[in-house]
Every structure is written in C-alpha cells, then in structure tokens.
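One chain, chain A, appears in both complexes that follow, with chain B as partner in the first and chain C in the second.
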Partner chain A sequence: MNLTLKKHEESAINEFDQVVVGNSLTKDAWRRLKKNKMAVIGMIVVIVYSLLAAFAMFLPIYPYDQIILDHRHLPPTLTKNAGTLMMEARLKDLYFKAWKGGSLIVTEQQSAKIKTWIAANETNKVWDFCIKEGERQKQAGTFTFSAADQRTIDRLQEKIDTEFLIDVDKMFYTDGETHKKHNLAKMDWEEIMVIYADLLGVEAAIIEEQVQEEVRTQVLNNYKASTPDLSDAEYAANLDLELQTLGEKGIASIAKTNLLGKIKTSITRSAERELKKEISEGTASFPIDRSIKINEFLDAEITATKKHDRRYYLGTDYSGRDMLSRIIYGGQVSIAIGLIGSLTSVLIGIILGAIAGYVGGKVDFILMRIVDIMYGLPYMLLVIIFMAIFGRNIMNLFVALAMVSWLTVARMVRGQIMSLKNSEYVEAARSMGASTGRIIFRHMVPNSLSVIIVYSTLRVPAFIMQESFLSFLGLGVQAPFASWGSLVGDAINGMTLYPWKLIFPAIAMTIFLFAMNFFGDGLRDAFDPQSKNQL
Partner chain B sequence: MSEQVRKPLLEVRDLKQHFPITSGAILQRQVGAIRAVDGISFDVYPGETLGIVGESGCGKSTAVRSISQLHKPTSGSVLFGGIDLVKADKHTMLKARREMQMIFQDPYASLDPRMTVRSIIAEPLVIYNRRGLLEKPMSNLEIEQRVEDLMERVGLSRLFKNRYPHEFSGGQRQRIGIARALALNPKIILADEPVSALDVSIQSQILNLLSDLQKEFGLTYIFIAHDLAVIQHISTRVAVMYLGKFVEISDAVRLYDNPLHPYTTALLSAAPIPDPVVEKGRQRIILSGDVPSPDKERFGCYFYDRCPRRMPWCSCHIPPMFNHEEGHHVACWLYDRERDYREVSLEEAQKEASASQVV
Partner chain C sequence: MTKYIINRLLGIIPTLLIIITLSFFIVRIAPGGPFATERNMPEVIKRNIEAKYHLDEPLLKQYGRYMFDVLRGDLGPSFKYKDYDVNYLIFTSLPKSIVLGLWAMAIALTFGMSAGIIAAVKQNSWIDYLSMGVAVIGISIPLFVIAPVLQLFFAMKHKWLPTSGWYTTGEGWKSVILPAVSLSFAYFADIARLTRSSMLETLRSDYIRTAKAKGMKSSTIIFKHAMKGAMLPVVSYLGPAFAGIITGSIVVEQIFRVPGLGKFFVQSSFNRDYTLIVGVVIVYSVILIIMNFIVDLIYAQLDPRITYK
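So, the complex of A and B:
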C-alpha cells in the first residue's frame, strides 16, 4: 500500500512511466472480455452468424425459395452434383425393384439380411446394399436391366444432360430514334407497357386495361388474405379504399412489377427455344452468360446454367430447395427473434422491475399484480391470440413474444433492486444528489447485471424454441420463409430417411446457442470486477 | 464560549424521525411508530466537531440521515445556511447538499463495487456538473485532475484510480469515501461512524486524516461513534444520545471530566482505561435491564427504567435541556436549579403531570 503523498504531477504515471488513463466499467468490461477466450470465440461466432444472416442476399448461394421438384431430398455432398445424385437415387430404386422382382440374384444370406433391414425399417442400408451389389454384378456382366428400366435410365440421363435454368439479369430497350439503351427496370410503367404491347403486337390500350384489372385482383386478393370473412359487397367497397391508400405511386409500382415479370417470361421463353436448338445441335456449353436479342428494340442479358449441375452441400429439402441457403435465411429469422426478443423483453423488464423495486409501495403492488395476472394466463395462448388478431407477420411475432416474456425479468430485477435499495452506496449516491434514474441505471442495474445477462442469454434459445413452436402451429414463419425451428420441425417427418434435413439446422442452431451461452457467461464475468474468473 | 457571538452553521430544532409500523396486506394502516429520533435540538458552529455518542440502536445514524434528508424527517426543522432543509424543494435541497456531504460507516458497502475509484470520487462532481450546480462548470479533464488531487490529498496513490473498491483495504476504502465527500468542497461533513468498521491502527490514521482535512479546509464535522475514546480524540463538543433523545451536550473536555447525566456517567464508566493500574480501580456503574423498545410514546424521562438515580417525578415528566453551566446542557431533573424533586412523591408528581397536560 502506498500511503505516502506523491509529488504533484501533471498526470498519473505508473512505475513504467506509462500514463494511467481514467477508466470506466464498460471499458474495463471490454478489456476483461477480450481476455476470456471462450467468450471471444462465442462473440465471434455470434457476429459471424449475424453477419451471414444479415448479408444473406449477397452470398453466392441458391435462392432459398427456388423449388426444383427434381431435386427433392438430395443428400448432402461435397463432390457430386445434383444430376449424379438423381441418377444414384433412381438406380437404387431400380436395383431394389430388380431384387424384389428376382432379376438381381443374391445369396440366401444376403437376401435374409435385406429382409431383416426392411423389417427394421433401415431403408438406407437396403438401398446402399442393392446399388453396390447391382453395380458389381452389372460390371461382372451377370446382371442387365430390363428394356423398360434401361429406357427410364436413358431418359433420366438425357434430362440431366439437357435441362437448364435461365435467369434474365437485365433487360434493355433501344430507342428507335436516338439508339440509346435504356434499362427496362428504370423506366416508367407506361413506357414498359408500350414496349410490351409492341412485343406482343397488340394495342397498348388493351394491355393497359389488362394491367389495371390485374392490379385490382392482386390488391383484392391481398386484402382477402389479411382480413377474411367479409361479404363480397364489403370487399368491393374496401377495394377502392385500399387502392386509394396505395395511391398512384403504389399502383404504378405494382403494375411495373407485373409488366416486367411478363416481359421476363417471354424473354425466358424465347431464350429457352434458342438454347434448346443449340443443345440439340451440340453447340451449347454451359454455363452461358450472354446477351440475346429479342427484337429490334429489345435485348436482354441472360445467364443459363445446367439445372442438374447444381451442388447442394447440405442437401435439399422436400421440395428441392437448397438446405444451405435455407439454413442461412432461416438464421435471419431465428437470430432476429432470439436477439431482438430477449433485448426488448429485458429492456421492458428492467425498466418496470426497477420502477417497482425502487419506488415500492402502491406502484410496486399494482405492477406486481399485473405481472401475477399475466403469469396466470397461459402465455402461449396470449401469443396465439395476439397473432390471430393482428395478423401473422414476423413483426407481430416479435411484439407478441416480447409482450409476454418480460415478466420474469421484471420480477428478477425487482428483487435485485429491492435488495440493493438500502445498501450504503445507494444511500451515498442519494446523499450526493443523484437522481432516481441515475441511481437505478448507474448503480443498481449494473450491480444486478450478472443475473440479467445470464438470464437474457438463456432467453435467446428459449425464444428460438418458442418461435419454432409457433411456426409448427402455423402461426410463426410461413413458407417459403424459413427459420431454424421450422426447418427442424419440417425435418421431423422423414428423420430416418433424410437425416441431413434435421441434422444441419440443428447443428447450426446448437453452435449458435453454445456461442451465445459462452458469450453471455463472458459478459457476466466481464461486468463483474470481483469475478473469480477474471484474468 | 463564543457560542453567542458565532452564528451556527447548522441548527436542528426538535427533529423527529418516526418510522411507521404498518399492518394489513392490501389496505395498510399504521399501528405504531418506531421513534428512532424523538425530538433533538442542537446547533453546530463552523469549524467545530460535534461528536454524537450513544449505544447501538439509540438513533445516532438515523439522526444524521434525517439531517441530510436521506430520510424525510417526521417533524422539526434543519436550518442550514438559512434554508430549512425539511421544507426545501428539490433544487434548493440539491444546492444545500453540495455543502453537506456524508461519510459512511461501512467502507465495504458504501462504495459501488462496479465503479472504479475514479468514477466513485468523480460521481458527485459529474452529477453537479451535469445539473449546472457547480460554481463553474468543469470539463472532463478538470474532473479527472480534481479526482487525482483528491486521491493524493487523502493519501491514495493516483495510480489506483482505475482499481475497484474490492482491491483495497478497509482503511483505503474509507479514504476513498472521504475523498468522495470532499469532492464538492463541502462546509460540513456528516460522518456516520467512519472508523468503527476499521482496525484500531487504521482508525487513528483515518482520524488524523480527518482532523488534518478539517484544519486545511475549515471543515465542520458531525461525527458519530460509539467509541468514547474516538469521540474524545476528535470532538470539540459531544452530545450523548439515548433512545432517540440527547441527554447531555457539552464541550468535550467538560463532559469527560464531569459527566452529569446518570446515563453519561454509566456510559463513561463502561469504557476500559488502557492503564492496568487505573483500570483496576475503575468504578463501573452497571445499568440494569436493556434499552427499551423505541416503539412506545413516553411521558416520563426516557432513561427512567434504567436510571440508578431515578425519582418518582421522572416517571411522568420529560426533562427539558437544563443549562447546567456555560455550554453544558443536560436533560435530567436532578439538575433543575429551581426545584428539588427528590422529595416529590409519585402521587404528587402524577397529579402535576395531569394538571400540566390539561393546561
């Protein structure tokens, strides 16, 4: 201990002649957090996940909602493309049928083994065995497919070789007089309408009428979806109102989207024709990235890829959507719900709990009775009712979950605040003239942070779980959107046949939750200067 | 004494602090009150140290907290710089608080464990700076500088400013508490048993620091302790408290030399003397019974139950403060010069009491 009075110096200098700079709890907490390896790893994982989720649309992954029915249930692979997998699946099926039909001859023992596998519902083993044995026998020349089977295989092979996907990236319109190129996406809808009419060779007025009608139907359908159970007359009356609220601009943007979609379709169709011709001539080499001319005014930049050349590193789901991108996009929803949900619930909880605990008396009594009543209500039911009343979108899901989940935090914070209220340092702060807000948020809340942080990091998985439960009930995230919960929920059905659909979202979720817990522990230790775990 | 000449810095008049006892779950009603402080009056003059002494639970700490308005007093007035703090609004109160700071008993509990020493000492400055109540606004750098100066002044190395309270010993922590109290340049410091939680050797360091600071900054202290030696060492005047009331208030020297009130005599006789020869011959006055519960209203002397020199009169008459000699006040009927109550019987006393109540 250094009790001797030092000579007055300009600033504090330690024994190594370094200037000691003033510090605060947050700075110090950050310093301590940095020293905790697990917490840093956890933090990095959480940040990486959040960044991946936030910038999912810029990642080079397949669209999460593109359904390719040929690619259903493809297993995860690093080397094979979708075509190979499709062929494998077909071969497995055919060899199995051949074994059943008796044309694939196996030994008695092997046959018995297959039967026990079938009895035990171990389909994958049966298929694996059949394809291995079949391929071996085919190589040896002891087995050949029947003519019908061979035809099926050939047809599939042709399909794999020839099918392709076209994406129209940009469409350009060349002005007949000035020969200037215009990007179609940046033009007014009236202009696009004229171009489209030109393309079809009909009067612009007919197209306009058609577009107007389409917009009306679309708005009406949206309205019907959001508020069901009205009579036709009411719908008709409300339609005009809806259109009015949309305004000129809204209607124009809908019309433009529709028209662009139509032009895109027709461009795709003509590009398809062109490419098919090239394929049959054998001149096409994929992937194709080129500009094609539709007519003298219109041309487009297209990319075409072989449909069955796709690689699904994490497999596909029941409608042929890429699991990898679904997991990443699902992370968007799950992480947002986990973080935002627990953040809002903790904020509400801290504020109300602190008020109840600090003010005490009647305020405390009333607030706590409200909490009691809300505890008493089955709270999933509250969420469900809320979602049913205010509509099923993700924002409402946040609100509904946050609304009912602050109760425990409020209780906890109240208890903490009450126990800290009479401590001497709070009294000291009061004697220094600190305001109530300062006392609560500078003294009491930091001193109850350890409990709050641990609790709120534990809330994150709970929120993700609740969200998945709601999604399972059909109140949460709706297809084609995904969340980890809904992915896992969807995967339960074919768990033994297609385990990857369950495993990958589950792993993604587990890693995130682990990271979250380590990060939370680290935060708790960092905010506690007396912590034993400090370094 | 120059009491008449000098203007008191702090005037406390008939200060009462009753804590209600309530019952009932929803509709709470008051069924009684703990009379922690039951009408105390005293003046504090600039530059002096008023020691308040008394056994545990007699209301010393509550008295100090009532004076600094940490508890809103039930009644009475606290005049500080011409302002009655009991009736003052928030803003005036804040202004007055700048001049009146506290040092707390437990150096382990009175410092926020999650704040660095720097934040703790800077807190009053930050608060008053933000509210614009400082004489002149301070920049962050100036606050930093002031914190470092204060740390040096109370004997802490400025290198420790980024440390947390748990890294310090009790004495060092109390120094932090003192530095915090000094931050706003107060006129009066209310010290609530600042040394009772400390080691004896550290106690003297802290006491010496306090008296050095007093000389340097011209501070006034109200100093609470239950240790008579500590009080004797630091105080210029001493008030003895019993059951929420002052029983005797006097210059320190006179009180220790010539205690008047039976309670004071008993209290002083209970203190051991650090000299084995004298200690052997020490006469102890042992009081019978315990301190009564302060939840009843009393009509007689508060010390009546345990007083070795009680008279029937005392049971039904509350003694006022008698001015025994210059600067020595005592609340005991024995020292009323106008009348000798020793001969008054209980019946007479009660009759007079009821008569005075009617009046």
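So, the complex of A and C:
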C-alpha cells in the first residue's frame, strides 16, 4: 500500500489505482435523468409552460377577461384580423340568404349538394361553399347584393374601419398650489374621492355615501357568488361579518378601485369624443399613444387601438375573449393548483405518516384505519358534494382536494419511517437526547425525501386532472377566471361549429400532462433504477 | 376462508356507517337548503314543507330517523323530483350506469391485457412501442377531453356511431360503444402498462425457464404458466379502477347524455336534494365495496401464497 497517498476529500483511489470520485445520490440521479431523452424533453416542456404561466402578465397578449361581443366565436387565424373575419362571417350569412332567396343562382347539382349538407347539419361546409361561389359570381359580375344587403355590408365596413378601443394607462393629478404631478393610482381613496367630486362638480359627501353603498353591494355580490342558495335574510346577516373580516384596509382598497374605475370611464368618454372628432376630420392615425388633458388639474396617458385590428391566433370564445390568453392564464391556474395542491397534500401526508410510523401503537392503528376506510370510499363523490354545497371558489377546491389526496403519501412515509426507525443514526440521535420531533423532521424525513419528491412529481398531473375534472363539471374555477378544465367544459356545447374552442385547450393540457408524466417517470427511474419498467 | 369472508362482510358495516354519516352531515351543515332558492315562498308554506320532510327537527333526530329508514331499505322521498322516491330514481337509472361501467371494464381488461402481453412477449418490437405509445396517451389525456374528441370524430364528422343516447333511444348497442370506449381508455392504458411490466418480470423468472427447458410450447408457457403470475398486479389494480370508473361515468354520462345515475348525482348536489345525494353516495359506495371484496377474493384464488384467516 502506498502510504504517501493523501486521502483527498472528494476523490479516493481504488485497488486498481484509479481515482474514484464520490457521488451523491442527487448527482447520480441527475446523470441518469440526463440520459433519458424523453424525460429531458418533458422537463424542458414543463419548464417552458411554467415560465409562460408565471410571466403571463408580461406577455404581449390581450387581457383574458376582456369581453368584446363583436368578436364572438371568431375562428383561429394567423393572417386575418378580427375585422376581416367579422366581415367574412357576415358575408357567409348574406350569401347563404341570397341562395335561399333565389338571387344567388347555382347549378342543380350544387343546390342538391347544399341541401344534403344542411340535412346532415354540416353548417360550415354550406357557408364555405356559399361564400366561395358568391364571391366568384360577384367578381364575374353575375351577382349583386340587394340594396338592403349592400347597406348592411357598408355599415359593417364603416364600423370595422372606425371603431377603436381606449386604454387609460396612467392618470395624473396636478396640485393647484405646488404644481406637482401625482399619480392617481398611488393616492389615498379619500383624496381621489375629492378629485372625482370636483370632476363632477358635486359635494364630496354625496360621493362618499354612494361609494360606501357600492362597496356593500359589491361585497354582498361576491359573497352571493361564492355561497349560493341562501335566503335574503341570511345574506344580510352575513354581510356585516364579511365587511368586518375585510377590515378598513380591504374596504379602502375596494373603494379606491371603484373610484379609479369611475374616473377612468369619464376620461375614456372625453377621449372618445376627441378621437371621434379627429376621425371624422381624417386626422387620426392608429395606434394612438398620447396624453390628454381633462381639466386644469387632471390629465391622463391613453393608448387607443383600432378595435377590429386585433388578431386572435387561436380564435375567441363565446363572449369574444381571446382563446390564446385564456389558455395561458388557464394554464396558470391549473399549474398553480397542481403544484400547490400536491405540495399541501404531501405536507399533510408527511406529517401524519411520520407520526403514525414513529409513534406507532394506537395512534398508528387509528390513523391507518382512517386511511384504509378513505381508500375504500368513492372520495371524488364527496369532493363533488363538498364543492357543490360549500360554494365554488378556488380556496374550497384546494381544501377539498387536499383533504382526500394525502392518503398515499401518508402510507409511503409511514413505511419509510418504520424502516428507518431502528437504524443506527436514529438511535444515536435519540441517545444524544434529541426530541421526537427533531428526530422525525430533521433526520428521518430528509432521508426519505427523494422518494417523496418523486411521488409528488407524479401527483401533479393527477391533481391537475382532478381540478380540471371538477371545473369541467362546473364545480371548480368560475368565469371570468379560466382553467384548462373549464375551457374544455365551456367548449362542449357547439363543438361542431366551433371546434377550436375544444381543440386548443385540450392540446395545451395534453402536452403538459404528457411532459409531466414523462418527467415524473424519468425522475423515478433516476432516483430508483430498480423500479425501471414498473408502473 | 369462510371466516375471512364473514369478517370482511362484517367490516363493511362500519365503513358504510361512516360514509352515510359523513355525507349526511356534509350536506346538512352547509348553509342554505333544498327550498332556499324558491323565491317568494310564504313563511307558512315553507314551514309546512319543512315539516313534511322533517327538516324542522333537530339534526340528530333527523339523522336517527334517516338511519332507521336506510336500515329498512328506504332511502326516502326526493326533495326536488317531487312525487318520486329516491329508491325509484336509483333503480331506474342504476342499470344503465352498471351496464356502461361493466362494458368499460371489459374493454379495458380485454384490450389492456392483450396489448400488455403482446408487448411483453415481443419486447422492443414495433408492436411493443405502438401499444406503449397508445398507453402513454391514455394516461395523459383526461377523460373529458378524449370523450368529446371521439364524439366529434366518430359521431359528428363521420356519423359512424350515434352521438348520444342509450339502448332505449333506438340505436341499440351502437350507442354504448363511444361512452364505454372513452370511459375505458385510461384504464386500458394502466392495465396494459401493468401487464407488460409484470409479464416481463414473470417471463424472466426461473420457473418459466424450466418450462422452456422442458420444451413446452411457448403459447402454453405464456397462457398457462406466466399469465397467472402476471395477473396479480392487474387484479389488485381493479379496485381503484372501479372507483375511477364510477366517478368517470359521471362525466361520460353528461357528455353522451346517458340517462344513468351520474347525471342525478351532479344535479342533486347542485339542488341540495339531500336524500338523493346521500342515496346515490350509498349506492356507489356499496358497489365499490362489493367490487373491492370480489377483487380480494380473486386475488386469493390466484396467489396461493396468500391465505386469508
């Protein structure tokens, strides 16, 4: 043996004089994970999705809850803007009516074809044919719209050309004495109230009364939405309680939002007047980004864009909301619920499982009996009842799902703890006088953490599926919020006419679940190579 | 064995008691009630209705009364479907759900096991990759996505199968295919993966090698020797699979408009139809418990190492 060899901290020499580098479990697992191509792809996809969801508010997409009724049910497109699509939809309708009225003349065969399509409920084919044939005949000069139809078209065209949307980005208040500019959004609600009263030219007290009444109504409505089916007397009784829990700060913030909204509306209105004048003079060129003065102490920065110049790459839903941004924000909700939900259930499972495994005896017996009985229950049914009866909000969703999903973790941790209980280092810790809690949570739980992490990765897709399942039934996330499940659920009605509403959220969700499953499987194989090929 | 069966049957009683109690109190401690949404109801009428259904009594008395009724097999009158008993509603709709569930289970088992066995025997061939690819899709696509997509493609686009309905609506057995296939997809996937992995393990074991060395036909080895061992994980998976099929049938029945029990369940939860909710939960739980029991018995039959006492 070579005695001059120093023992290096990280490397050692084996009997063949080769350097052996010590390897931690995580390092080893990472090396194995990197070899698994599908798992790496899955990991990348999961990361991309999470980044998109986390930074959704910074993405250049339309607001997910902005309702534009003119833009209902627009199909997905890469090239056309909303105005073109609106015109197309109108033309399809008009050409179809012209065919029905007999002014659009087609051959007998074509007519028969249209009739079979109508009988088979193939509305899209009929429309596509009508617009194609109609445009061809119009080009050739054999067909002209009736005067009334032409007027409808012209009116729509004018609407498309002139309508615009105004966003008020910032509002400023200039102090009359110091001539300092204040951002309205950063002022107290009392100050804003005075400004608003000034703007309207009424007493501040009247406004204050009005605002307080509005806050009450709003709180009541929120409460009604979250807990339906109460009598009016019960609502009235609960209102004061709700207001108390909100506290002065909460009420002030609601009042402030309301007041700012009101000032915004009146600024929007005067900006609208100004822009309309410019359009009729022909001096406006969109998009507009400028600051306008309302009166001597109030001015605002606004941006105005043409309303029908918007492009919806993935189409719109039944109230004209952009599907792309709804899918992204829906992903935010789904992924957040998946992550936080599995974390919560894993935490509950660790605590209960660790206690059952370490303490043993009666505690273990009772806890495991509960787990056994809950395993035998159709627990999703209980979750459905719970959601239907206690109100459909995200908080209840968490509680309901976390309540029933800690079972497997608890069993697993219990097994791990029981096998570690008699190991030497636990005995050493005990002999040094470490408390039970310290032994469990500082020594034993970290030692079984890799198993737990792997399992919780596999839990995330299951959690997302359960949340989506509830949202699909109308028991989960409520509009204007969205989750993948509620998007699919909304799309079920009318899916032959508007298949994109079903297809895109379904694809987005499936890809994520795919990736998550591959990633989870890869992680499990990496941490525990012996389990390879097991389900 | 008989003793074990009796013990298990006795063990069902506390589980059922817990289920009934839990669902009874969950629906009743929540604010609101079955008649709270009916506006402008005079106080007297409301009180009379509540008295009719004994809703004016203290909760524990109601609980006792309900338990007594359940023991006699009477699940009470429905609050929202007036003039109907819960018993009647359940017994008219339950057979459809059971038929649907059994079809789904049969499809999942037949195709899942065959795919798993073929994939294991011909490991790393194209058929292995194909069936495992389909299985991964089955695990990743939620039921409420696969069902409308199948409906869109097979029923609405190509009109090969009816979009919705049941035997009674004239389309006969054809109307069962789509709901049963969509319901079975996830379980097909799980069963195929399970069968494949346990089959692979069994095929590598010593007794299979011995059988091969004796010169047995490979079909005999697979079906007579390996199958029995490879079935064990599949059988133990059947319990959770039944639970999943029960909840899944709620969605499927909604999408394909099957007049089964699942439809009643969601509606009654929204309506606070107390007796109907608890009744449906009891029925589902009994089915689930019985299924789990049967699965355990089959498991014991298959695996001689397990003796129940």
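In this section, the second predicted complex is superposed on the first by the 382 of 535 C-alpha atoms of A that agree within 3 Å, B and C clash if a C-alpha of one lies under 4 Å from a C-alpha of the other, contacts with A are read in each partner's own complex, and residues count from 1 in each chain.
FYI, contacts are C-beta pairs under 8 Å (C-beta built on N, C-alpha and C of every residue); 3 or more make two chains touch, one makes a residue touch a chain.
The shown structure was predicted, so the numbers you read here are calculated from the model rather than taken from an experiment.
K.L.:
Taking the superposition as given, does A:434 touch the first partner, chain B, the second, chain C, both, or neither?
P.N.:
A:434 sits against chain B, while chain C stays out of touch.
K.L.:
When the two structures are overlaid on chain A, which partner does A:425 contact: first (chain B), second (chain C), both, or neither?
P.N.:
Touch partner of A:425: chain B, not chain C.
K.L.:
Per the contact definition in the header, classify A:384: touching chain B only (first), chain C only (second), both, or neither.
P.N.:
Only chain C; A:384 stays clear of chain B.
K.L.:
Please work out whether A:280 is in contact with chain B alone, chain C alone, both, or neither, and reply first, second, both or neither.
P.N.:
After superposition on chain A, A:280 lies in contact with neither partner.
K.L.:
With the two complexes superposed on chain A, say which partner A:265 touches: chain B (first), chain C (second), both, or neither.
P.N.:
Neither: A:265 stays clear of chain B and chain C.
K.L.:
With the two structures laid over each other on chain A, which partner does A:295 touch: chain B (first), chain C (second), both, or neither?
P.N.:
So A:295 meets neither chain B nor chain C here.
K.L.:
Which residues, counting only chain C, touch chain A once they are in their complex?
P.N.:
Chain C residues touching chain A: 14-15, 18-19, 22-23, 26-27, 30-33, 36-37, 136-137, 139-145, 148-149, 151-152, 156, 159, 190, 193-194, 196-197, 200, 233, 243, 246-247, 250-251, 254-255, 265-266, 269-270, 272, 277, 280-281, 284-285, 288-289, 292.
K.L.:
Help me check something: in the complex, which residues belonging to chain A touch chain C?
P.N.:
Going through chain A, the ones touching chain C are 120, 227-231, 234, 373, 376-378, 380-382, 384-390, 461, 465, 468-469, 472-473, 485, 488-489, 491-492, 495-496, 499, 502, 506, 509-510, 513-514, 517-518, 533-535.
K.L.:
Could you please specify the touching residues of chain A with respect to chain B in the complex?
P.N.:
Against chain B, the touching part of chain A is residues 1-6, 8-9, 11-14, 20-25, 28, 365, 423-425, 427-435, 438, 443, 446-447, 449, 527-530.
K.L.:
Inside the complex, what are the residues of chain B that reach chain A?
P.N.:
26, 65, 68, 70, 93-94, 97-98, 101-102, 104-106, 109-116, 118-119, 123-124, 127-128, 131, 133, 144, 147-149, 152, 155-162, 164, 166, 169, 172, 177, 180, 184, 205
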